[in-house]
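Sending over a structure as structure tokens; questions will come in a sec.
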Amino acid sequence: MPGNTIGQAFTLTTWGESHGTAIGGVLDGVPPGFPLDIKKIQQALDRRKPGGHHRLTSARQESDQIHILSGVYEGKTLGTPLSFLIYNTDQRSGDYDPFKNIYRPGHADYSYTMKYGHVDHRGGGRASARETAIRVAAGAIAHQILQLSFPTLQTTAAVIQLGTQKLSSTWLGHPYPENPLFCPDEKSTQSWTPYLQDIKNQGRSVGALIEVHVKNMPSGLGEPVYDKLDADLAKALMSINAVKGVEIGEGFGCVTSENGYDELSAETASKHLTNKAGGIVGGISTGQDIICRVALKPTSSTPQSRKTLTKDEIPVDVSITGRHDPCVGIRAVPIVEAMVSLVIMDHFLRWQGQCGSKFRK
Amino acid sequence: MPGNTIGQAFTLTTWGESHGTAIGGVLDGVPPGFPLDIKKIQQALDRRKPGGHHRLTSARQESDQIHILSGVYEGKTLGTPLSFLIYNTDQRSGDYDPFKNIYRPGHADYSYTMKYGHVDHRGGGRASARETAIRVAAGAIAHQILQLSFPTLQTTAAVIQLGTQKLSSTWLGHPYPENPLFCPDEKSTQSWTPYLQDIKNQGRSVGALIEVHVKNMPSGLGEPVYDKLDADLAKALMSINAVKGVEIGEGFGCVTSENGYDELSAETASKHLTNKAGGIVGGISTGQDIICRVALKPTSSTPQSRKTLTKDEIPVDVSITGRHDPCVGIRAVPIVEAMVSLVIMDHFLRWQGQCGSKFRK
Amino acid sequence: MPGNTIGQAFTLTTWGESHGTAIGGVLDGVPPGFPLDIKKIQQALDRRKPGGHHRLTSARQESDQIHILSGVYEGKTLGTPLSFLIYNTDQRSGDYDPFKNIYRPGHADYSYTMKYGHVDHRGGGRASARETAIRVAAGAIAHQILQLSFPTLQTTAAVIQLGTQKLSSTWLGHPYPENPLFCPDEKSTQSWTPYLQDIKNQGRSVGALIEVHVKNMPSGLGEPVYDKLDADLAKALMSINAVKGVEIGEGFGCVTSENGYDELSAETASKHLTNKAGGIVGGISTGQDIICRVALKPTSSTPQSRKTLTKDEIPVDVSITGRHDPCVGIRAVPIVEAMVSLVIMDHFLRWQGQCGSKFRK
Amino acid sequence: MPGNTIGQAFTLTTWGESHGTAIGGVLDGVPPGFPLDIKKIQQALDRRKPGGHHRLTSARQESDQIHILSGVYEGKTLGTPLSFLIYNTDQRSGDYDPFKNIYRPGHADYSYTMKYGHVDHRGGGRASARETAIRVAAGAIAHQILQLSFPTLQTTAAVIQLGTQKLSSTWLGHPYPENPLFCPDEKSTQSWTPYLQDIKNQGRSVGALIEVHVKNMPSGLGEPVYDKLDADLAKALMSINAVKGVEIGEGFGCVTSENGYDELSAETASKHLTNKAGGIVGGISTGQDIICRVALKPTSSTPQSRKTLTKDEIPVDVSITGRHDPCVGIRAVPIVEAMVSLVIMDHFLRWQGQCGSKFRK
């Protein structure tokens, strides 16, 4: 199976170059008879959208209006493929003409050329973060359907570190007021805002650390031994543009910690006293909160001059002006939530297939 | 597809509980006509084997003798499935009788029971690290075949941090003399040995940080957008028992770093001046070294007493005596190498299918 | 993997209900750098289109204009997903209102309701033959790309029996002049035309037998033991609406024949003296012509009155008037060709992945 | 995915050459907690076994003793991969030495060589019908588990035509007394026995027509549009050695029949008055009996002399003496039943995943 599909039982296949006609996706394996709230899907897309209230991120105006083309009839899912697309309306492909024959450092221009020979240089083509809009829409659909079976299930991500700036208090995974920085702590939002503005003014960029919590997670989801729930989360999260690291629970902290376990107890709802494991042991969910963190690198395109090569391997200097984020990581928050929802939905359907009620009588 | 298979074009399916008759694997998609050196596969298994010269790790004597049952004829691969198994000879299942009705903290006893209801409690059953012996054998086969096309390809992993102990010098990914700690630096080996002995004597355990380098990596491997090479590596590495984090290149360090790119230059063989990306941009290999790190949690089973529940949810205290490693992470080094080889082999065959020479004329 | 995708290395995922906004498909695994002739794709769609010169088939005017949304840049494939759609312009959904609460005999209304509960009754929804337009477009793309590597490869299907009417001479698989009946023999075309008109006038319908030949087929394609080339052809062809039987080479004739083999000889280009096997032995192509036949049932919807049930299981009589073919089988000819091209393309990429030139040095 | 795996949710991967150490299989996706009756699996294997009471088929004594290596603990399935093997004990590989450099007509020697270059010539290697023993064991497991949810489900196949000999009465799919010809009608058994003995004495071989009925089939199984239940059955059945044709319900008879539908009625348990469709409409089961037929070609290896080529393309005559069946089709009866059970089990798990009870509240 080529690489544009994720999931086994609930599959998302995406398509589209950032400056082509449109981008889109096909969800297959959608359970039938489910009332779909399209407004909520659009809201999820709007959260991810650059510009708008997120003035510190890219000024591009992507309309990101979802069009559902199949799989829904009279407001309910049919069980057939749910196809949807978003037109590319604010493309300004001309912006990319100067880079047609240049490998932009930090972008996929070089590696794509090594693989494909023929590439669409405009805005990264298929490698553009624009593709992630489709993930967000699909994740919003998965989340809606999951909530039918698990009404209290709640997936929330936030930026917990912006460059060198850490949160002023620990975030425990609860929902927080919307803000352009996806920062779960009001005090930090206030101090991060001028910090990021400075970065932007100086033509620099910074990375971000995002944490995601899944509360009221059902136990028993995940497949040994390769499709472990944490392995599939790692893949789904690492596949997001600019992500360079993924950790679960204690994560890299486990190297210097001791006692690689969480004690069990009948006195807590989750049956465990701590949650170093991040809610997954042996690749299967324990019913505790799932906790993951992902590291996103600084935006590659900044106005600073840098060395590179043309496609004929002539050395040149390049600086990338135009509409760009000082921190691409911020906008990844809704994408992280979406990928987590897609993975849980997929594993829930897989669990239901193999271990569902028909065999439990 | 259920979860015991990894790969799309070069697939490994594994089976076996740690205290059943045997464990084994089936490799499908193996290229035909390849002379297979079984001695090298056995050597890889011996590197992973507990006991022997690795006196600091588990004293279990797993014979780990590979038996190849199909797919090879007159010393050469047939292109048909390559099936192999290892008998479980040193099982001592009785060791696990006390835990039959107890959830061992840090082990998959609880999550497996939540999923399956009926489980094999002996030594973790399917969740045991014993399964990884099959990964090592499969990885050794993949590596041999890859070297036919890429004779200089070299995949080397090492422990670069053991609990609180860091390497005394930076390791650049080169092969190093074999030693029980898979430590690439002789001075560190000497200081780590008494450190780990102390941990063991005190009934404690520590985590480990493993780094892996792939040198002379071909460019152009990896599939956008979900089966990115780094996404597949993240999944493969996170699927290893006790792994809690995976990072590529700068990894989590990217959050506080600046300039999310590597400049290009015609003056280096790799066409790049730095390698913050860890050899993968946009999910596709650049031809630079691939560099990943994985964090492994401390051994869960130690003689220390801990709280837990019986399967009837009665609180009990448990302490796990017997043959156990103070640091399970050490033995993961050959497993990390194996998983990397499997992922590269899979992506090489996928590349060859879609982009191979027939279409390049 | 849900059921709307076919292929492993070259995958087609289709979506769309017959009376929704549009129908479409996503091709993944397309080799990069290939000049795509969109006119040829449109021609293939026009051949399948009802109405037009095919006056004996359905009078519906489906415009079937293909829109390519991604995967092509400056006229050449990118190697990224090739997404395309066809808008549903001549829907007349109101025609189906009378059947909203009725199971139309011979249609999937009943079985879909058993599975999904909630269904789109308009024109069969997802079960409509309209979906096959996407197959035809995808097959035309596969065929174009295959011809780059195999310029003489030729896939031709024809109707060799229409109801009780057989061909007046044996067809050997060569291309033939276009005609509304996809009949490879002019004499038969002349006698079949009034025969079919009579069937139509009487409100009856008949089945059809289609044969397909692949000439200049490469040897060595197909995977033992489940993804045999003939097994994948059987699946692909049986998945076409109204197909009730598939046979290869001698097919069902082999039951009463003797000598289940074809002798080999150095004197023929194909190395064989006969071709009872239909070009596939042990699931792998021999390099001889591939020959398959498929049986298509008579159109289910005719003006004749028949017994059925409402969705509340009340017995009613129903007769389906409106725009319908006396023989749905005829229009399946380009679909059969398309499915064969898709299967060969998929197996060619799989062959190239596992057995391609990199491993043959 | 390479070609040695069948199924999506309930997967069987098989391995093994006919004259290697063993043949085996891995079943993944097995529901947990199911009491497995190994005696019934062995009985299914014994039905397929050549020799024994089937004196008219091959005199080979294959012991076919199943060994289960994983996935079962204390008599119940664990939900983990169920691995099993059968040793090759009666190999007499020397019998095949004369054919080492010869392409045996009707066997896969030529096509395998075209694909793989390097092949195991002994007894057909991977292309041998010996692989089907594993299918039979896996099918017997699937059938046992299906009966837990569907106690009255019954899958029965029979030979309904042996060469030119048809059944003396119509068989309606009911179980019948065991006999060496898998003939459901006692009178035909008596007349077919001397007929087949004559064929054998004359060194000839004949084909067979097998029909399979699934009674008390659940409705709603099957996936539009490519993984239709009939498409998956066609693939599974066409993948059986020597099968050249598959048809469902009326099958090829539909070409000359009229009225491509079955009327519905509340008065029958199946809600239909007839069953031309063979229990599947739009790729989804209706709840009526599933009825398929498969055509198997005559045994390729007979003592008659025939023309062929050596691997150096030198013309030679070859005649294959030794232990061979006059009709390989007969032994395929339990294999057909097994493949049908595997397909139904796979689609049941897929149905349960997408449409199971959790989403029906």
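Just a few scattered comments:
Every chain is named by a letter (A, B, C and D) in the order it is written, and numbering of its residues begins at 1.
Methods note: a contact is a pair of C-beta atoms (placed from the backbone, for glycine too) under 8 Å apart; a residue touches a chain by one contact, two chains touch by 3 or more.
As the structure is a prediction and not an experimental result, all values here were calculated from the model.
Using mean Cα coordinates as chain centres, the one most removed from chain A is D. With C-D and B-C as the two chain pairs, more C-beta contacts join C-D.
Between the CA-based centres of chain B and chain C the separation comes to 45 Å, rounded to the whole angstrom. Taking each chain's centre as the mean of its C-alpha atoms, chain B lies 39 Å from chain D. Per-chain CA centroids place chain C at a distance of 26 Å from chain D.
In chain D, the positions touching at least two other chains are 1-5, 8-9, 14, 29, 32-33, 79-80, 115-117, 126, 224, 350, 354-355, 360. On the side of chain A, the complex with chain B involves touching residues 1-6, 8, 14, 103, 105-108, 110-112, 114-117, 124, 126-127, 131, 161, 163-164, 204-209, 219-228, 230-239, 241-242, 244-266, 271, 273, 276-278, 280-287, 295-300, 302, 304, 306-309, 313-315, 329, 350-351, 354-355, 360. Considering their complex, residues 1-5, 8-11, 13-17, 20-24, 26, 28-29, 32-33, 67, 69-71, 73, 76-83, 85, 115-120, 125-126 of chain D touch chain B. Chain A makes touch with chain D in their complex at residues 1, 8-9, 29-34, 79-80, 145, 148-149, 224, 349-350, 352-360.
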